[in-house]
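Right, I'll just put the structure down here and ask away after.
Which chain is which? They are A, B, C, D and E, in the order written, and residues in each are numbered from 1.
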Amino acid sequence: SDQERQFEALLAADERIEPRDQFPEGYRRTLIRQIAQHAHSEIIGMQPEGNWITRAPSLRRKAILIAKVQDEAGHGLYLYAAAETLGVSRAELLDQLHTGAQKYSSIFNYPTLTWADIGAIGWLVDGAAITNQVPLCRCSYGPYARAMVRICKEESFHQRQGFDLLLTLSRGTPEQHAMAQDAVDRWWYPSLAMFGPPDARSTHGEESAAWGIKRFSNDELRQRFVDMTVPQSEVLGLRIPDPHLRWNPDRGHYDFTQPDYDELFRVIKGDGPCNQQRMEHRVRAHEEGAWVREAALAYAAKHSREVS
Amino acid sequence: SDQERQFEALLAADERIEPRDQFPEGYRRTLIRQIAQHAHSEIIGMQPEGNWITRAPSLRRKAILIAKVQDEAGHGLYLYAAAETLGVSRAELLDQLHTGAQKYSSIFNYPTLTWADIGAIGWLVDGAAITNQVPLCRCSYGPYARAMVRICKEESFHQRQGFDLLLTLSRGTPEQHAMAQDAVDRWWYPSLAMFGPPDARSTHGEESAAWGIKRFSNDELRQRFVDMTVPQSEVLGLRIPDPHLRWNPDRGHYDFTQPDYDELFRVIKGDGPCNQQRMEHRVRAHEEGAWVREAALAYAAKHSREVS
Amino acid sequence: MTGQLTAEAAYDAAARVVDPELPVLTIAELGILRGVRVDDSGCVEVDLTPTYSGCPALEAIREDVKDALRVVGAGDVSIRTILAPAWSTDWISAVGQRKLAEAGIAPPHPRGEGPVSVGISVRCPRCGSPDTQELSRFGPTSCTALRTCAACGEPFEHVKAL
Amino acid sequence: EPPTAVYAVRLGDDALILAQRLGEWISRAPQLEEDVALANLALDLLGQARMLLTYAGELEGFGRTEDDLAYLRDERAYTNVHLVEQQNGDFAETMARLLAFSTYQLLLYEGLARSTDETLAAIAAKAVKEVAYHRDHATQWVVRLGDGTPESHARMQAGLDRVWPFTAELFETDPLEKSLTEQGIAVDRTVIRQAWQEYVSGVVAEATLDQPTESKPTETRSAARGGRQGIHSEAMGYLLAELQHLVRSHPGATW
Amino acid sequence: EPPTAVYAVRLGDDALILAQRLGEWISRAPQLEEDVALANLALDLLGQARMLLTYAGELEGFGRTEDDLAYLRDERAYTNVHLVEQQNGDFAETMARLLAFSTYQLLLYEGLARSTDETLAAIAAKAVKEVAYHRDHATQWVVRLGDGTPESHARMQAGLDRVWPFTAELFETDPLEKSLTEQGIAVDRTVIRQAWQEYVSGVVAEATLDQPTESKPTETRSAARGGRQGIHSEAMGYLLAELQHLVRSHPGATW
């Protein structure tokens, strides 16, 4: 059809698709799934980091952490709004999250056990997220691409703060250094797993690539992340927990041990350390807030009547 | 009547009145009020001390504190059972507590702000309680008198442990010593107020005395407590916060500053630092436990039917 | 110092110390005093065992035993905590059992199998009636339960068989 | 200690402890917008606390930093009012407290912006704009909840009733502050009470709520007495345990 | 560290952390008898913890006391199972946990009473009788609540379902414990699982409850994995902050 040709032409020209353009239902569904998952990840991601707000060990770090979690809530808002341009409401998406029909990033099913985990999340998890997201700034869907530009800038700032936190610990007392190393030991492989299963086992990949949503494969992005991160670990003075990690001059890349993808699939399916906790926390907040949202609606209804 | 004469004769002979004896309604009411207030004080008293169970600074002190609070709950049970011999159920008495119709000792409306408060409660509050209660071991009502014998012995142990706690702090670091002194500063006058208003302003006194329930006046007991406590404070190396405290060789007693009885009356009327908190805590525990008590009754009813 | 402290005298002094949680009993009657030895220099070593793992009175008892021995002329006193054989209510002496009853505390039954002695009635220490019921299986102190007598109304503690 | 340092610590502690309580809300708010808002409020208060405590440390002259003051004092040395240390309760109670506190704080900072102490004046002038937003936010919610559904009305009233007895302490003064006021450094708390009462009463009325009758201007309930002298409620110790535990566990470390 | 010390710390941490959780109940129980009972349980567990940690400290030979071990380790050095560190939940959940834990602990201590390590054997022999009371108490409540009212039945089932995924970790072993078992020092956890299952199933049936289907013997849920290696759930940090704060605030003090 004309519409399809027009859509294909825009894609071919690497131009942005906008909400009022026509596009295939599959494109819309794929985008909603991806943007929603991204939005859900932002708001679930508030929990492991929020876990340390009341316990942050300096007022400066506390302020940085609050600001970061606030950013995540803000990103969530921004992304739900982007999804709404595709004709689905935030309430619907939250329902999908709460019933488990839509997912969030599995990384947030790991607990933050020590303060150093806040640094490791900033350095590794945000680092991996940025690696994933930078290509999305050129994604074919305009509202999503523009959201990603803004989000990536803030994430870079978060990554730098995480790095700085770890650096302070690494150069601190022996106990602090050990705490930092322990955090890196626990977060390294889950961070590698954030790029998803290896290309050979991945679904969704081809369609997303064709539609200009996904521009690099999981394995390409994972390699890029490793190549970026290893030199940083040397600056930090922290060891990447991979005995096989080494520079491969032939490939021009680091060789590294793959994460345990069986564990990844287990966590995705629900058996991560914190899956149940995260969902319960989220659903409880939503349910305990129901009366507030109802009151806001009731008030608005009353007073819009008064005005009209 | 014969019954009255018999009752008076028992009292005159300093013999014990037992549950199956006949006694005047006023005697019964006075006893119920006093035993209930005592029982209520035991269970409300669990709160300020329970406040430090999770935070006690050594496992030994934690065990001592748990054992003490357990004793208090046990004393509560014991005293409610003693009151039940007068034909009133524990459930009724708890209702009276929860509606505010019956009181508990005002001392428990003060907060435990530091660990040293646990010591000050043991030394001063339990010390005052013992001074009040020792004469009750010879009270005319048998079940109450016998309960008091048991309770006083345990309270003496608590007082000794409180003293020991304070002594350790007093001889500890300067910060610990200051903590102990601060606790004594805050608990001294409320402890003096535990003996009630001065005899000139006291109600209930005469009847209770005639019935052999109360054997010494408030002021006599207060003086006895001061005389006992001042030498102990010297051993502790802690200062009683009373600039006018001094030995009066003519009286053979210590002269001391009276507590602020207006404050006492305010606290009794409900305006103490923790009145609301203590009652809310107590009522919440009771209400949140309702389904458990109902289940126990339902189970007992089912299975007694099965047996019969 | 008036002469050498004998083992008997040391034992007698330690044995008179009362248990702060059941102050009607001495630690000998309670069965937690397991041994007293005196060496040539007058130093005393005392073996105590706790009634239950969490017994917070043990430290107080240790102090009291030390004080009691110093009064009778002991030199250094060291207290060893012995865990085996574990204390049970069977260690309460006959005198101890009688004193408990006199104090209005029902003494324990001989220990059977399992934590709950089934079927044996507990007599009211005041009126002797067997018609008593358990009010709370845990009492103010960890070794007692709380009961009431249906006949005379008396609430009383019962030392549980442990 | 210099009186101005004591005064700055009082204001700083109020802001710090309320920031801590608001921080507990994050990821638990009734809607995402509110997670953002509560984080924002916490961040503003934390920022004020940091400036005030830093300044107090400088005035003291013992080299104590904001973190020394925030993490290494014992409970009896904190001088915040009881209002800010109370547990959050539900969202209505949190908003009732925010209304009471931000209305007070706005009046305080407006006055303090004219302080003869230039640092305090500068800190206050900067904070005025933030706190005006806080008050506005609280006002909107109190009105919305009070005039929303029957449930929200009941909860809002209950929240207001719970918070009310703790408000009188905000306006208590003492010789130290009186002297500072005479020097033009501090704000006379007793004077701003009238304006506070008027604003809050207006909001309460618009929210179709009843004004709690308790607590005459001259009388603070015992439950909320003594915060400035370090006498707190039992909730405070648990808050501090969380706040301080990590720092206390690593003496001398920097973070 | 000597393997027996590691083992004693594991058992001691289990007891210590559950004692801490039970201590939170005191003054909040559904009836006064239960305040007494829960205090009693906490006291027994605390007593066991003290003996086990003291012994571990002696075996280590670094002069660490029970209090050094209880108060001055960081979270990652605690080796208790996840089951004991979870928040209490309601009374049904607390009793479900107590049933699971005391049934396990009774079997463990019964075996340990025959340990070739005389101190462990003596500690266990002493504790067996206490824990038998704990199991009995939990059994009575689980049956009463399961077979009580519709509400109590639903709550008891929910409590059991929540606790269940955390039980498998109790029976996990590792090379260290295998080696100790071969020496006759430790108890083989995998062996007592059968008896545990039988007892608990019997109680669950008598309580007219459904056995949770989850968690096969060979599979521990990730949510309850790693306690012995110091990997805990997020609830643990708050528990430790409360437990340790005062001691951490006064380095070197004795109490």
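Basically, contacts are C-beta pairs under 8 Å (C-beta built on N, C-alpha and C of every residue); 3 or more make two chains touch, one makes a residue touch a chain.
These numbers were taken from a predicted model, which means no experiment stands behind them.
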| item | value |
| --- | --- |
| Shared interface partners, meaning chains that touch chain A and chain D | E |
| Longest centre-to-centre distance from chain A, chain (CA-based) | C |
| Central subunit by CA centre of mass proxy | E |
| Chain pair with more C-beta contacts, B-D versus B-E | B-E |
| Separation of chain C from chain E, taking each centre as the mean of its C-alpha atoms, in whole Å | 29 |
| Rounded Å distance between chain D and chain E, as computed from the means of their C-alpha atoms | 41 |
| Inter-centroid spacing, chain B versus chain A (mean Cα positions, whole Å) | 58 |
| Chain centre separation in whole Å, for chain D relative to chain C (CA means) | 55 |
| Residue list for chain C, restricted to those that touch at least two other chains | 54, 56, 135-136, 138-140, 142 |
| Of all residues in chain B, the ones touching two or more other chains | 55, 60, 63, 66-67, 70, 73-74, 77, 175 |
| Contacts with 2+ other chains: residues of chain D | 74, 241-242, 245 |
| Those chain pairs that satisfy the touch definition | A-D, A-E, B-C, B-D, B-E, C-E, D-E |
| Of all residues in chain B, those that touch chain D in their complex | 48, 51, 55, 111-114, 175, 179, 182, 266-267, 271-277 |
| Interface residues, chain D side, partner chain E - complex | 74, 238, 240-242, 244-245, 248-249, 251 |
| Complex contact set, residues of chain D against chain A | 16, 20, 23-24, 26-36, 39-40, 42-43, 46-47, 49-50, 53, 66-67, 70-71, 90-91, 143-145, 147-149, 151-152, 155, 242-243, 245-247, 250, 252-255 |
| Interface residues, chain C side, partner chain B - complex | 20-21, 23, 54, 56-57, 59-60, 104, 126, 135-136, 138-142, 146, 148, 152-155, 157 |
| Contact footprint of chain C on chain E as seen in their complex | 32-33, 36-37, 39-40, 43-48, 50-51, 118-119, 121-123, 125-127, 129-130, 132-133, 135-137 |
